[in-house]
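Both complexes below contain subunit A, partnered by subunit B and then by subunit C.
Right, the complex of A and B next:
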C-alpha cells in the first residue's frame, strides 16, 4: 500500500495518522511536563487524539481490510500519511505549545469542513471528535494568549516555536492524492487549498493581534525577534529562512503556492519519523498479535 | 411470561415474554451496570444507553461513549454483555458503540447527578454550554461548579483536564479544598 488505491483511505489516513503521531508526541510529556496540570493536559489530549485515530481506522477497515491495531502499529513507514509537523520531537516547551496551537487550529478547520461530508458516517464521527477537540483548542489558545503577553523569555520561546512550526503547519493542507474526485463526490466538501486559505487568514489575524505575525515571514529555526533583555541589550539574531509560500496581500495572509515539509500525504516523511515509528511500533513488531 | 425461578424481584431471569417486557428486563439489567471510573453511577443514569432491541436469539445494545478515548469502554462492554445474558439466557448480547447522536452531559439523569454529588464529583452545568477556559492559572474562571464538600459557589476552574478524560479540576475558595467535577461542556 504505497499509494492507497481508494482516495477515501488517503483522506482518512491523513487525519488518523496525524492524530496518532501527534498523540504519540503529546504522550511523551507524560511525567515530564513543567507542572502537573500540564502533565494531565498533554496526557489527556494524547488520549483523545489516539482514540480519534482508532475511530478513523475503524471506519477505514472495510476499505483496507486491516484492523485498527494493524493500521496504527503494523504498517511500514512509507504507508503512514502523517504530516511532518506532527512528527517533530517535542523539543522546547515553547515549541510544543506552539505546535499544539497550530495543529489544533488547523485540525479544527478540516474537521468543520468534513461535518458536511457526503459520507455521513465520516460526518457523524467528525462531530464527535469536535466535541473533544474544543478542549484542545481552548488549551492551545489560552497558552498562546498567556505566553504572547510576556514576559520576554516566554514570548520569545513561543515565537521561536511558532517560527519553527508555521511552515510545516501550512503543509498540513498539501493536496491529497485523488483530491479532485473526493471533492467532486462531496466526501471532501471543500478543496484543501480552500481550507488552507481559511486557516491562514484566521491564524494571520491572531498572530497580528499578538504582534507575532513576523513568524509568517521569517520562519525557520529561529524567529530572530529583537527583544530587549534585562540588561537593556538586544537579543536575537537573524537566521536564514526560506519562504513558506505565504504573503500578505490586501490586508490578508494568503498562500501563494509551494510548501516546506510537504509529502506526508504521499508517504514521504521527515527524518524524525523513523525513530518515532521504531519506538511506537516496536512492541507490536516484536510480539505479533499480542494484546495489552 | 414464564418466571423460571419464581422470584419477584427485578433481576428475575426471563425466558419469554412480550418484546416490551423483555426489553424492560434488559434495561433493568443495564441499570445494574456501573461506570468503572465512577462506581456509584449506573450506565443508564450516565445516559450512554441509546437503544436496546431484543430479538429471537440476540439482544442488541447501542451505547454512546462519553469520550472516544475512555479506557473503561471495554470493561463496560464486558459488563453489559454479562448483565444482559444473565437475565435473558439463550440470547447473545451484541454491544455496539455508536457515535450519533453524540453523548453530552445533558443526558445524565437527575438520579445520576445525585450519585455524582454523593461521590464527591460536582455534576456538570445543564443546558447551553457556558464559556469554558481550561487554565484558570492563566485566566481565572469564576464559579461554574459548586464545591461538593461545602456547597459554596465561590470556586475556580483550575484545568479542564483531570485524572480521567471526563473530569475537570477545581478549587474551592470557601473551604480551600481542591475538588473534581464532571467535565463541563466545551464552548463552541
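Right, the complex of A and C next:
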C-alpha cells in the first residue's frame, strides 16, 4: 500500500501510527527511567499514546476492514504512516525529553485543528484524546523547563536532543496523501502547512524564552534533507526526503521552502523503523490469529 | 531532591489523607509525578502534595474526571488477569489434543514436599528425605516445578 485509497485512512494513520510508535518508544524507558516516579509517569504516557492509537484504528476499521490489532501489528512496514521523529531510538534522557516536547507540542496543534473536523466522529474522538494529552504536554514542559535551566550537562543534553529532533519534528507536518480533498471537505480543517506555521511560531517563542532558539538556527533554511531508509522497504525511485528549513522573519520563526520526496506519511521510513517494527510485531507475526 | 507526602481524597466528602510519597525537586514536579504514581488507577477524586516537614499543601490541578485518565485502562489493573487460569487450562487441553504440552502446573508447596518424599522413597534414599538434584531426572524436576 503506497497510498491508502481513502485519504481519511491516511489522515487517521498519520496520527495513530505516530501515537503507536511513540508509545512503543516511550515504553522502552520502563524500568530504565532516571527514577521510579518518572518510570511510572513515562510508562503511563506510553500507555496513553497506545490507547489513542487504538481509538483511531477502531475509527478506521470500517474503512480498512481490519481490526485494531491487525492495524497495529499486522501490517507490512511500508503500510505504516509514522513520522521519522517517532521512530528514532530513545538515546539519552535529554533526547527523549526533547523529542517528547517537540512531538507533543506539535501533536497538540494538529489535534486542536481536528476538533473542528467535519467528520464529527473524529472530532469527538480527538477531544477525548486531548484530555489525556494535556498531561503529556505538562510533563514535557516541566522537564523542558528544568533541563533548560541547568545544570550545564542537562541543558546541553536537552539542546543536543532538540537539535537532533527539530528537523524531523518539522516533518511531522509533511503533507498527507489526498490532503487537498481532505481540506476541501473539511475533514482536515486546515492544511498541514498552516499547522506547521502555527507550531513553529509557538515553539519558537518557547525556545527563545529558554535561550535555546539556536537549535532552530542550526536547522536553518536549507538543512532539511533526511537520509532515507536502508531497510529496503521503499518502492520505486529513491528520492531524498527533505523538509522545509526554518528562519526568523519579522520577529517570528517561520518555515521556508517546501517538502520534497516522500517521508513517513507515504510509507517511507527512517532506518530505525524496521528493527522497531520487527520487535513490536514479532509475537503477532509468530502466532497469526492467536487470541490472548 | 526533596521528599513530598502525597495526599488524596477518595471522594469529594473526604478530607485529604496521606497515601504515600514521591521525591521531586519542587511542588510542580511532585504533583506531576504523584498523579501517575498514586492515582493512575482512579484511586481518588483529588490529590495534593506537601513537602515533608512543612505545612503548605499544594493541590493538583486535574479534576476528578481526568485523574486516572479517560481511555480504557482496565488492562492496567490486576483484575485484568482474571480468568487467566481458566484460559491456561483451556489452551492446555487444546494443545494436549495435538500432543503438545504447554506447561506443567506447579504443585502447591505441600504437594511438592509430599511428591518429593514419594520420589525419594521410590529412588531408595535411606533416610526417606528429599533427594538431591543429582538424584532426580529432568522429568522429576519438571514434575516438581521450579518454585517452592
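By definition in this document, the second predicted complex is superposed on the first by the 261 of 292 C-alpha atoms of A that agree within 3 Å, B and C clash if a C-alpha of one lies under 4 Å from a C-alpha of the other, contacts with A are read in each partner's own complex, and residues count from 1 in each chain.
We adopt the following convention: contacts are C-beta pairs under 8 Å (C-beta built on N, C-alpha and C of every residue); 3 or more make two chains touch, one makes a residue touch a chain.
Predicted model only: the values in this text are computed from it and were never measured.
Chemist: Would you mind checking whether subunit B and subunit C clash or fit side by side on subunit A after the superposition?
Modeler: Overlaying the two structures gives a clash between subunit B and subunit C.
Chemist: Looking at A:285 after the superposition, I want to know if it touches subunit B, subunit C, both of them or none. Which is it: first, second, both, neither?
Modeler: neither
Chemist: Touch test for A:125: subunit B only (first), subunit C only (second), both, or neither?
Modeler: A:125: touches subunit B, not subunit C.
Chemist: Is A:37 in contact with subunit B, with subunit C, with both, or with neither (first, second, both, neither)?
Modeler: A:37 sits against subunit B and subunit C alike.
Chemist: Touch test for A:52: subunit B only (first), subunit C only (second), both, or neither?
Modeler: The answer is both, since A:52 touches subunit B and subunit C.
Chemist: Applying the document's definition of touch, where does A:146 land relative to subunit B and subunit C: first, second, both, or neither?
Modeler: both
Chemist: Check the residue A:268 against both partner chains and state whether it touches subunit B (first), subunit C (second), both, or neither.
Modeler: A:268 contacts neither subunit B nor subunit C.
Chemist: Counting residues of subunit A in contact, which comes out ahead: subunit B or subunit C?
Modeler: Answer, by number of touched residues of subunit A: B.
Chemist: Determine, under the contact definition given at the top, whether A:135 touches first (subunit B), second (subunit C), both, or neither.
Modeler: After superposing on A, A:135 lies in contact with both subunit B and subunit C.
Chemist: Quick check on the superposed pair: does A:248 touch subunit B, subunit C, both, or neither? Answer first, second, both or neither.
Modeler: Neither partner.
Chemist: Could you give the residue numbers on subunit A that contact subunit B in one complex and subunit C in the other?
Modeler: On subunit A, the overlap between the subunit B and subunit C contacts is residues 37, 40-41, 44, 47-48, 51-52, 55, 128, 131-132, 134-135, 138-139, 142, 146.
Chemist: Show which residues of subunit B lie in contact with subunit A when the two form their complex.
Modeler: 67-71, 99-100, 102, 104, 132-135, 137-139, 158-163, 165, 169, 183, 185-188
Chemist: Where on subunit C is subunit A touching in the complex?
Modeler: Within the complex, subunit C contacts subunit A at residues 22-25, 28-29, 32-37, 40, 62, 65-66, 69-73, 76, 87.
Chemist: Where on subunit A is subunit B touching in the complex?
Modeler: 37, 40-41, 43-45, 47-48, 50-52, 54-55, 124-125, 127-129, 131-132, 134-135, 138-139, 142-143, 145-146
Chemist: With touch defined as at the start, can you tell me which subunit A residues reach subunit C in the complex?
Modeler: 35-38, 40-41, 44, 47-48, 51-52, 55, 128, 131-132, 134-135, 138-139, 142, 146, 292
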